[in-house]
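So that you can tell them apart, the chains are marked A, B, C, D, E and F in the order they are listed, and the count of residues begins at 1 in each.
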Amino acid sequence: MPVFSGTDLTCLRGDRLVFTGLDFRVESGGALLLLGPNGSGKSSLLRVMAGLLRPFRGRLAWDDAASEDDDQHGGRIHYVGHLDAVKPVLTALENLSFWASLGGAADPAGAAMAALERLGVPHIAGVPGRYLSAGQKRRLTLARVLAAPAPLWLLDEPTVALDRAAVRLLEGILAEHRAGGGMVALSTHADIALPGAAELHLDHFAPATGDDVDLDSDANGDGEAAA
Amino acid sequence: MPVFSGTDLTCLRGDRLVFTGLDFRVESGGALLLLGPNGSGKSSLLRVMAGLLRPFRGRLAWDDAASEDDDQHGGRIHYVGHLDAVKPVLTALENLSFWASLGGAADPAGAAMAALERLGVPHIAGVPGRYLSAGQKRRLTLARVLAAPAPLWLLDEPTVALDRAAVRLLEGILAEHRAGGGMVALSTHADIALPGAAELHLDHFAPATGDDVDLDSDANGDGEAAA
Amino acid sequence: MKGFLRLVARDLRLALRQGSDATIAVMFFVLCVVLFPFGVGPEANILARIAAGVIWVAALLASLLSLERLFLTDYEDGSLELLALSRIPMEAVVLAKTLAHWLVTGVPLIVAAPILALLLNMEAAGFGVLVLALAIGTPALSLIGSIGAALTLGARRGGVLLSLLILPLYIPVLIFGAGAIDAALNALSPRPHLLLLAGLLAAALPLAPLAGAAALRQALE
Amino acid sequence: MKGFLRLVARDLRLALRQGSDATIAVMFFVLCVVLFPFGVGPEANILARIAAGVIWVAALLASLLSLERLFLTDYEDGSLELLALSRIPMEAVVLAKTLAHWLVTGVPLIVAAPILALLLNMEAAGFGVLVLALAIGTPALSLIGSIGAALTLGARRGGVLLSLLILPLYIPVLIFGAGAIDAALNALSPRPHLLLLAGLLAAALPLAPLAGAAALRQALE
Amino acid sequence: MAEFFAMGGYAWYVWPSYGIAAAVLIGLLVASVRGLRGQETTLKALEGARPRRRPRANTGNGTGDAAGRPAAGVEG
Amino acid sequence: MPKTVGSPISSASRPSGSSRLDRTVMHRFANPARFLRLSAAILPWSAGATVVLLIVGLYLSLFGSPPDYQQGDTVRIMYIHVPAAWMSLFVYTNMAIAAAVGLVWKHPLADLFAKAAAPVGAGFTAVCLITGSLWGAPMWGTWWVWDARLTSVLILFFLYLGYMALVNAFDSPERGIKAGNVLLLVGIVNVPIIKFSVDWWNTLHQPSSVIRMGGPTIDSTMLWPLLVMALAFTTYFVSVVLLRVKAEILARRIQTLRLSEAQG
């Protein structure tokens, strides 16, 4: 049973502390819901979890082995960020099959088609990416997590641009994945049913305002710089 | 009392019929809520209303005078799409004042500052665009509609990236605008209170499947598209 | 008119705020000229013979490359849509952005040209005409190039290709520009060449904004 | 290895689907060379004298121009992030994309070069060496350029900036490439030049993917 | 003295050399010092503004402002 | 403050929490406080040394040394030209070393150093080029020749400019510095290649007899002003770079403040 955890994570972006002292733990079948206002660091945390962003302090562990500098980590996750990675000149199916094949699917085209069907958009399979509406693109992007297997899904505001029917579909897909032992971490401002998920409020890990001011003032006062 | 209306509108995008036979009418103080599943044509209709997209058939009228080919139309509307038009090197205030001045505000800087205050973000006035978080950028974009006067607001999913407090603010602003005789047309998948708004379900105007196959078959074999 | 000036001012401010941006076109110009001695060899007399042509070709290319982005950022971040909906006519938008762009990138080219002429051992007799010809020619290049920049936005696929189709339109500017200098170097009057160059500019001034505006409208559909 | 080939195949398909992209580099190459008779004047002996240099400079510029977008679209639409998370090492990603790019843009240059040499009245003795030198040199240009393309991701004014960074690094390729042809035209052996060119390619083959991958990783932070 | 300034007939080459070198070095120095001064004053201004801003930010929080943090508190 | 409720740091005790934070963040800047103290101590000395050395150097080069028997008084250009040439190479090498340190050990002061030194190095290179040209006009009868050495200095100048353009081309300064570091390392690998290829290219076409750098063996009356001026340039470089690094550190602080302002 895999466990993915982070301890004492601190994230610094553009010389500004976004969150600090953050711990989390997701077990097989578990889910983590990232909440918090704009700019509290949900996207940053997901990028840290994916290994795209190096935490300034703290460590990530997969089954108690450090997952940073671990070449395998990328293969264990599916990351869906704000960008859709959809090529306008390739059809939806071609787009999806490519990622399925890189993700190690045995039959990329078949897996891709099945994923599109599961997301309720089999009819866009032959449509070039540039003709897709915002929501259709989003569904195509989400289909990527189904087209190749990976235990940990990292989803950044997956419900953006989805209509209600699609949100229900997504909830079903997430439940299924967890029932099969998968893990999920997702951020959202909207309502999404994720039964039994642990909630992580990013704003609780914001550096205190006092810290901020302290940093500023002593750096300035006697000329020690830069937070 | 101005009236903005469209009759028998048909929209064709990339050889595909998106909606057809659509009528709408917004009066002074009125609001139009565009609903419908992904790909049903909400964004397309808003671009048609703004005059950015030419309808394939049908006409738009402002006070019974055709508004296409009308140079004045741009001056009567504020359009907020998915793109934010925020320059990273200009401060929030500079960004906003520029649009305010083009929109004909008497005192661009003053109007811009007031708009930022109304949206609850006066403290970002001096901050360059590149440092703004997603939500702050969205608020800055929405502030544009307040910084210069225009009777008709066209908002495409304005609540995306906003947290709940900001959605409440926006509802208040919309109510005020309508109370002053303004008109609003907006699309959304999320909940937003727009009392007395006429709802327009775009999926009701989707071309019948039969039509679709006719149009589609020559382009695409039998893989009919259209959500 | 007020809107026009505001737009010019904004574009200038954007260019200057971004610091190095303004210098990069001129750097490309310089580098492009400097490549020739490596390709052609360092003999001074050969270099002097081709100096005028090389400098003009480099100016063409620098102008072409820097114009590529003339409307691009405004298009990508949605500003262009808003400008299209504003009270300023699209033709004035094209003209304002082209003017700002020329001030920021064209003028430095003119300043740098004599130094490059020196590097290529051009005779001193050609320097004055070189500067004059560039001063008339580069605005024409910017105007013609703005059409290409607008077309690039419109046609997603053939975009860059279309902008290459602008290069043939640059050829008259090149011929008269280089011709003026050659005339001066051969102790002939560069006047007719310069007049023709000015004629090209006068023609481009109304036509390019018209064509550019049409292309932009298409891009926004 | 399978991933590497899949990536090459995808990039080739994208390039061919986009049709014009593949032809842009070669179009620019041709136009750039064709501009010279207009700038320098039509004397056959002058043109023949500078032909090798002009063709090489044009090849450099064409390579630069097309390299600008090597990683750009993948970066902007998030594909690059996903590639970084995939099982393929980043160095292999750089190499695969550069290879696909060279197949699509470099090879047409090599084919077009003799025709342009004919246009510029180059002597027939240089043709074979010209093709050979380009065949060794253009992959080196693509590799070196890929570093610049990776470095300028996310920068303002990517295109012209790229040329500023990379043109100085291209100079050795230019010197030996043009030198080989000049040697052949002057009845000397082009062999040492070609060997040095091959040496540059051999050095770039491991180093460029390393530096490029380092730059890409930073771009994704 | 005039002879010294004539530099053996090479005045037009020697003095510009010294002049340009001086101009470049002094220019760099002045630019650097001014840059530093500029940063120092900006920093002073920013830090001067902070104490004023902080109370404002707090009242903002009270009324459920803006930057969104309080809203998320409600959410949680 | 409502914000701090539930924050693990602030719930402990704010002073200690903030000082802990303080230290972690400071570490990233290798304690600029120490650097700033050090630089404040060095700066008066280096600035003073620059002034003294320049006075002595200028006196020696303008009055204290004889005209060359061949080149006449133009030889006085040498006392600017040669030290500037040395500095142009010296500064670039230092920047490349700093880039390696910045990339490998992630030492932030090394990053700032390269960025701060670049304009100074470019300035020295420009001085070398311009004074060389001014020397060439009377000596060779032309302002510029595509000689191997001249050409490689020109390319070095472009490498400087490319680095500066790259560093400033990003919205986020750290990104610019990191990209610049990679470029500096690629550039330093390339410098010997350029040098070698340019040498070879040039000798193919142009016999080196026309342009000989060496000239007469250097007499001690010429060597002294040369060395003093070179030393003066070095101390000048140290002083200006210290100023510029400090300005960079302050710029970071300003950015941080702006950001926290953005956060509200």
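Definition applied: contacts are C-beta pairs under 8 Å (C-beta built on N, C-alpha and C of every residue); 3 or more make two chains touch, one makes a residue touch a chain.
Remember, it's a predicted structure, so these values are computed and weren't measured experimentally.
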- Task: Work out the mean Cα position per chain and let me know which chain is farthest from chain F.
- Result: B
- Query: Taking all residue numbers at the chain C/chain D interface, are over half used by both copies (same) or under half (different)?
  - Reply: same
- Message: As a test of understanding: of all chains, whose mean C-alpha position lies farthest from that of chain C?
- Response: A
- Chain pair showing more contacts of the two, D-F and E-F: E-F
- Note on the structure: For the pair chain A and chain F, the C-alpha centroid-to-centroid distance in angstrom is 43
- Hey, how far is the Cα centre of chain B from the one of chain C, in Å? 37
- Query: Mind pulling the chain C residues that touch 2 or more other chains?
  - Reply: 18, 20-21, 24, 27, 31, 38, 41, 157
- Task: Give me the residues of chain F that touch two or more other chains.
- Result: 1, 3, 158, 161-162, 165, 169, 171-172, 201, 250, 253, 257-259, 261, 263-264
- Query: So which bits of chain A are touching at least two other chains?
  - Reply: 14, 37-39, 89, 130, 201, 203-204, 206, 209, 216, 220
- The answer for chain C against chain B in the complex is residues 3, 6-7, 10, 13-14, 17-18, 76-79, 81-89, 220-221
- Touching chain D in the complex, chain C uses residues 18, 20-21, 24-25, 27-28, 31-32, 35-36, 38-41, 46, 49-50, 52-54, 56-57, 60-62, 65-66, 68-69, 157-161, 164, 167-168, 170-171, 174-175, 178, 182
- Item | In the complex, chain E residues that touch chain F | 4, 7-10, 13-14, 16-18, 20-21, 24-25, 27-29, 31-33, 35-36, 39-40, 42-43, 46-47, 50, 53, 57-58, 60-61, 65-67, 69-70, 73
- Note which residues of chain B are touching chain F in the complex, please. 88-89, 121, 123-124, 126-128, 130-133, 136
- Query: What residues of chain D sit close enough to touch chain F in their complex?
  - Reply: 147, 151-152, 154-157, 161, 164-165, 167-169, 171-172, 175-176, 179, 182, 196, 200, 207, 211, 214-215, 218-219, 221
